[in-house]
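What follows is a pair of complexes built around subunit A, which joins subunit B in one and subunit C in the other.
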Partner chain A sequence: MGAVKSARFTRSWSWVAALAAAGLVLPVVVADPFALDIFIRVLLFAFIGVAWNLMGGYAKQLSLGHAAFFGLGAYTSTILLIRFGISPWIGILAGGLVAMAASLPIGALCFRLRGPYFAIATIATAQVLMLLFLKFRDFAWGAEGTTLPNLGDAPLMMQFESRAAYYYIALALLTLGLAITYCIERSWIGFYLVAVGEDEDAAEAVGVDTTKIKRHIYLISAFLTALAGTFYVEYIYFIDPNTAFSFNISVEAALVSIVGGIGTLWGPVVGTVLLEATSALLQSWLGSGHGGVQLTVYSLILIAVILWRPNGLIGLFTDLYQRFTHAGAARARKVPFDG
Partner chain B sequence: MLATLAQAVINGLLIGGIYALVSIGVTLIFGVVKIVNFAQGEFVMIGMYISFFLASSFGVDPLLSLLISMPTLFAIGVLVQHFLIRRVLGLGDMPQIFLTFALSLLLMNVALLLFTANYRTVQTAYSESSFHIGPLYFAVAKLIAFVIAMLLSAVLYLFLHGTDLGKAMRAAAQNREVAMLMGINPDRVFCVAVGVALALAGAAGSLLMPFYPAYPLVGQVFVLMAFVAVVLGTLGNITGALIASLMMGVAESLGVQFVGADSGLIVVFVLLLLTLALRPNGLFGGWAR
Partner chain C sequence: MAEALVIRNLSKRFGGLRAVQDLSFSVRDGETVALIGPNGAGKTTSFNLVTGYYRPDTGSVSAFGRELVGLRPHDICGHGLARTFQVARPFGKMTVLANVMTGAFLRNRNMDIARSRARAAIDFVGLSAKEHTAARELTTIDQRRLEMARALATEPRLLLLDEVMAGLNHAEIDQAVALIGNLSKRGLTIVIVEHVMRAIMAVARHIVVLDHGQKIAEGSPREVVANAEVIRAYLGTGYRHEVPPAGTVGGVAC
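For the complex of A and B:
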């Protein structure tokens, strides 16, 4: 048994090492800025998905309002940068803290609600924030938004000439998200979260403080999502309420996790790669300017996954993996609480 | 001042009638099938486009096209229930929420592909006409829409309380297992419930067409309003949804009148959050018997 376990351990870590190496050398091999842009998007949305997955996947609190934290992160760092000249490196942490602070009242309101009520309430909170920022004309530029000052190659201000730098930041963010998820999955918090996700009343009955555990994971999820928000506006040099609090952010965060595999470490990554690859292929076939094609295909994929693969497409890959390796060893890799 | 207030209340009530058709549909599906239909607004959108194309191609009056949009959407509802919703019943929250959510995304974006994002309007003889009673004015198109919406709600009420099928629906809503033991076929009842709910959404679309533009995302406006009304009126309670919808219409109209033109939605969302915080079970409680 011990031998199997250590073989499994080595195998799964060699996978991760190979992936990490590929991730690190990718910008050296791929110099095309358009291709690199796609990879940055993949990393960023995978990261947002990972952040969402902590809440939506493990604890099954199906939020459709994570744009609230994305937007707060984006606005906090941008306001600090433009109004006070503070570096986005500090702003990104400040944004995370603001999002954490915001998650407390939002959570206090929404955690009393279950299932669809919770989803609707989170949509409403993100929309209220967007509408508020549309109103803050003097302080936060209102509906017109603002471009970020271009400071040239200023690494201390999170601005870079080369796109590879942005790529590595996005890669670092995703790594952080995965590492946090990995640790949580293996700690008592992970087991509590899964208990809450499986059956909240039963978890409460055996002594899990469900409200407390949901509040804690919401703090972490909000913090991570806010980091993505800051990075995104620093990358595209523009902010307005419709970008920062875009409902699409909330949707995509949930979508990549569900398509990949809800409540699994790699699910959001698999989902993002599949969806973004589909989207890139569609664009190269049809060209851009066909409004609606991408989301049409995304929603068809989502419906197909829900009807036929509710545990996500990551299962397809583990099945294939099982077929091509020793079935016994592969079966042993099964996580104790998938599905 | 008093006249402005009364005018705002009247405008709100009239549009509230349309909200009522949408939210009665949402609450009916929730009551019977126990699913929150995130795509309800998109079926309003489909109803609007049906009326638009009938009017622009064949010159059919939008109110007359009610006779086509309602049966069409009833049929779509039966298909949606049979091929989609039925397959996620009894599964967890995730499939139940995201199935209709994905359907909503799909319909919006297919509409965007087919019809582009352009606003489509239908001009009728009564689109711009209005009449006065004292200082108050009534837009004819909205008044007609309101009256027909209230008539349809009344018909639904009679259907649920006066017919065997309606009673079977209420029985299945109260207790599915016992209803099955009494010889009720739940699949059939669920299909009828979703069909009726979508027919109401289609009716809302046709009624809106004389005075409201059709565009692919138009459903979002109505579904958000409907969610608030349905929660406020207690999920599953049809009379509650009706009353709450009229209240929502008035609240939105007062917000626009007294807070600012872009404040209607803020008022609605704040009301939703307040309701969820203070009275998560809504104002009325229980399934309307």
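For the complex of A and C:
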């Protein structure tokens, strides 16, 4: 049993090593800035998905308002940069802290509700923040938004000539998110989160402080999502409330996790890669004309995935992988949460 | 002997329904007490009041000298009261081992220690062969076993079992009775809600009878089954003739 386990262990680590190596050399191989842009978006949305998945996936608190933290991260670092000349490297952490602080009252309100009502309440919080930033012009440029000053190649201000640099930042963010998830999954925190996601009353019965664990995971999830917000603004050099608090961000965060595999380490990554690839391919085949044919086909594919693979596509891959390797030994691994 | 659980003047209403009215009883340390009565008598409501799932309108609950009213369920579990649910509520997508480890983490957050303590609890309820089975794939009976193991992993001093024997066959009831007997021998105080009279007579030293939210009788098993009020409200007149001689296991299930 131990030998089998350690063989599986080294095999999965060699996968991770191969993936990391591929990730590191990719910008060297792919010089095309358009292609690199797609990869940066994949990494960024995979990261947002990973941040969402900690709370939405493991603890099944289906938030549809993560744009609130994305936007707060984006605005905090931008305000610090433009008004006070503070580097976004500091701003990104400040944004994370602001998002954490915001998650406390938002959580206190929304966690009173369960299931779909919780989701609706979180949508509302992101919308309220968007309205605040739209209305208060003196505070943050209102609806027009602002462009970021172009400082040329200024690594200390998170601005780079080369697109590869942005790629590596996004890769680092994703790695951070995955590392945090990995540690949580393999500790009591992961067990407590899944317990909350499965049955809150039963979790309380075995001593899980459900309110506290939800609050804590919301803090972490909000912090990570805010990092993505800062990075995104620094990458596109522009901010306005409609971009920063976009409902699309909230939906995408949930969607990539659900399509890939909710409550799994690699689910959001698999989901983002597949969704982005599908979307990019459809766009090149069907074009963006034809009155949204491409979006229709994309939606149909989404519906098909949700119907056939409600637990996400990652299950499909592990099934195939086990069929090609040897099925018997890996059976235990099919259960997502084992001791 | 010290009192493990003291319930005083406990009442709970749901709208116009008086689910529990002015209930008082106590459980001594190390004792096994059964709570019986017809459906809707307030047995499960009493459990929910004791374990913090409902807040009583009036009255107090104290365990091992500590007032529990106002505490949240996880705090109450932390004070050494563990419960099972009438309909088992396992964490479906976790394995048996992971379920029980979740309980063990209350006393120790270390993975290896939690795992070995969980294994001991799983072994105790006889579920070791299914350690790596997902909980949702277990039979109802095994899910109840699992729930008991999960409760035991929190290292309780007082265990509240809500109808753990419903739907079991005779052999399984004997197993469950033996299990509860073993727990009691380990020094655990047990409060059990049950309809299977044969099992109650075997495990309980003391019986509290509820009807319409009120306590109608209390005493040793022999006293209770001979009580006219209890026969009228719960056991039925047929039971009178089947009272077993003291010390044997028998009688009929209601």
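By our rule, the second predicted complex is superposed on the first by the 317 of 339 C-alpha atoms of A that agree within 3 Å, B and C clash if a C-alpha of one lies under 4 Å from a C-alpha of the other, contacts with A are read in each partner's own complex, and residues count from 1 in each chain.
To be clear about the criterion, contacts are C-beta pairs under 8 Å (C-beta built on N, C-alpha and C of every residue); 3 or more make two chains touch, one makes a residue touch a chain.
For clarity, every value in this text was computed on a predicted model and none was experimentally measured.
Visitor: Now for A:Thr210: first (subunit B), second (subunit C), both, or neither, which partner does it touch?
Guide: second
Visitor: On subunit A, which partner touches more residues: subunit B or subunit C?
Guide: B
Visitor: Classify the contacts of A:Leu104 with the two partner chains as first (subunit B alone), second (subunit C alone), both, or neither.
Guide: neither
Visitor: Go through the superposed model and pick first if A:Gly115 touches only subunit B, second if only subunit C, both, or neither.
Guide: In the superposition, A:Gly115 contacts subunit B only.
Visitor: Figure out whether A:Phe191 sits in contact with subunit B (first) or subunit C (second), or with both, or with neither.
Guide: In the superposition, A:Phe191 touches subunit C alone.
Visitor: For A:Asp201, select first, second, both or neither according to whether it touches subunit B, subunit C, the two together, or no partner.
Guide: second
Visitor: Enumerate the contact residues on subunit A facing subunit B in the complex.
Guide: Subunit A residues touching subunit B: 60, 62, 64, 109-110, 112-117, 119-121, 124-125, 127-128, 131-132, 134-135, 251, 254, 258, 262, 290-293, 295-296, 298-300, 302-303, 306-307, 310.
Visitor: For subunit A, which residues count as touching subunit C in their complex?
Guide: 186-188, 191-192, 194-195, 198-199, 201-211, 332, 335-339
Visitor: For a test of understanding, state which residues of subunit C touch subunit A in their complex under the given definition.
Guide: Residues 51-53, 72-74, 77-78, 82-83, 85, 89-95, 97-98, 101-103, 105-106, 109, 111, 114-115, 118, 131-134, 150-151, 153-154.
Visitor: Considering the complex alone, what residue numbers of subunit B touch subunit A?
Guide: By the definition above, subunit B touches subunit A via 36, 84, 87-88, 91-99, 101-103, 105-106, 108-113, 116-117, 216, 224, 227, 231, 262, 265-266, 269-270, 272-273, 276-277, 280.
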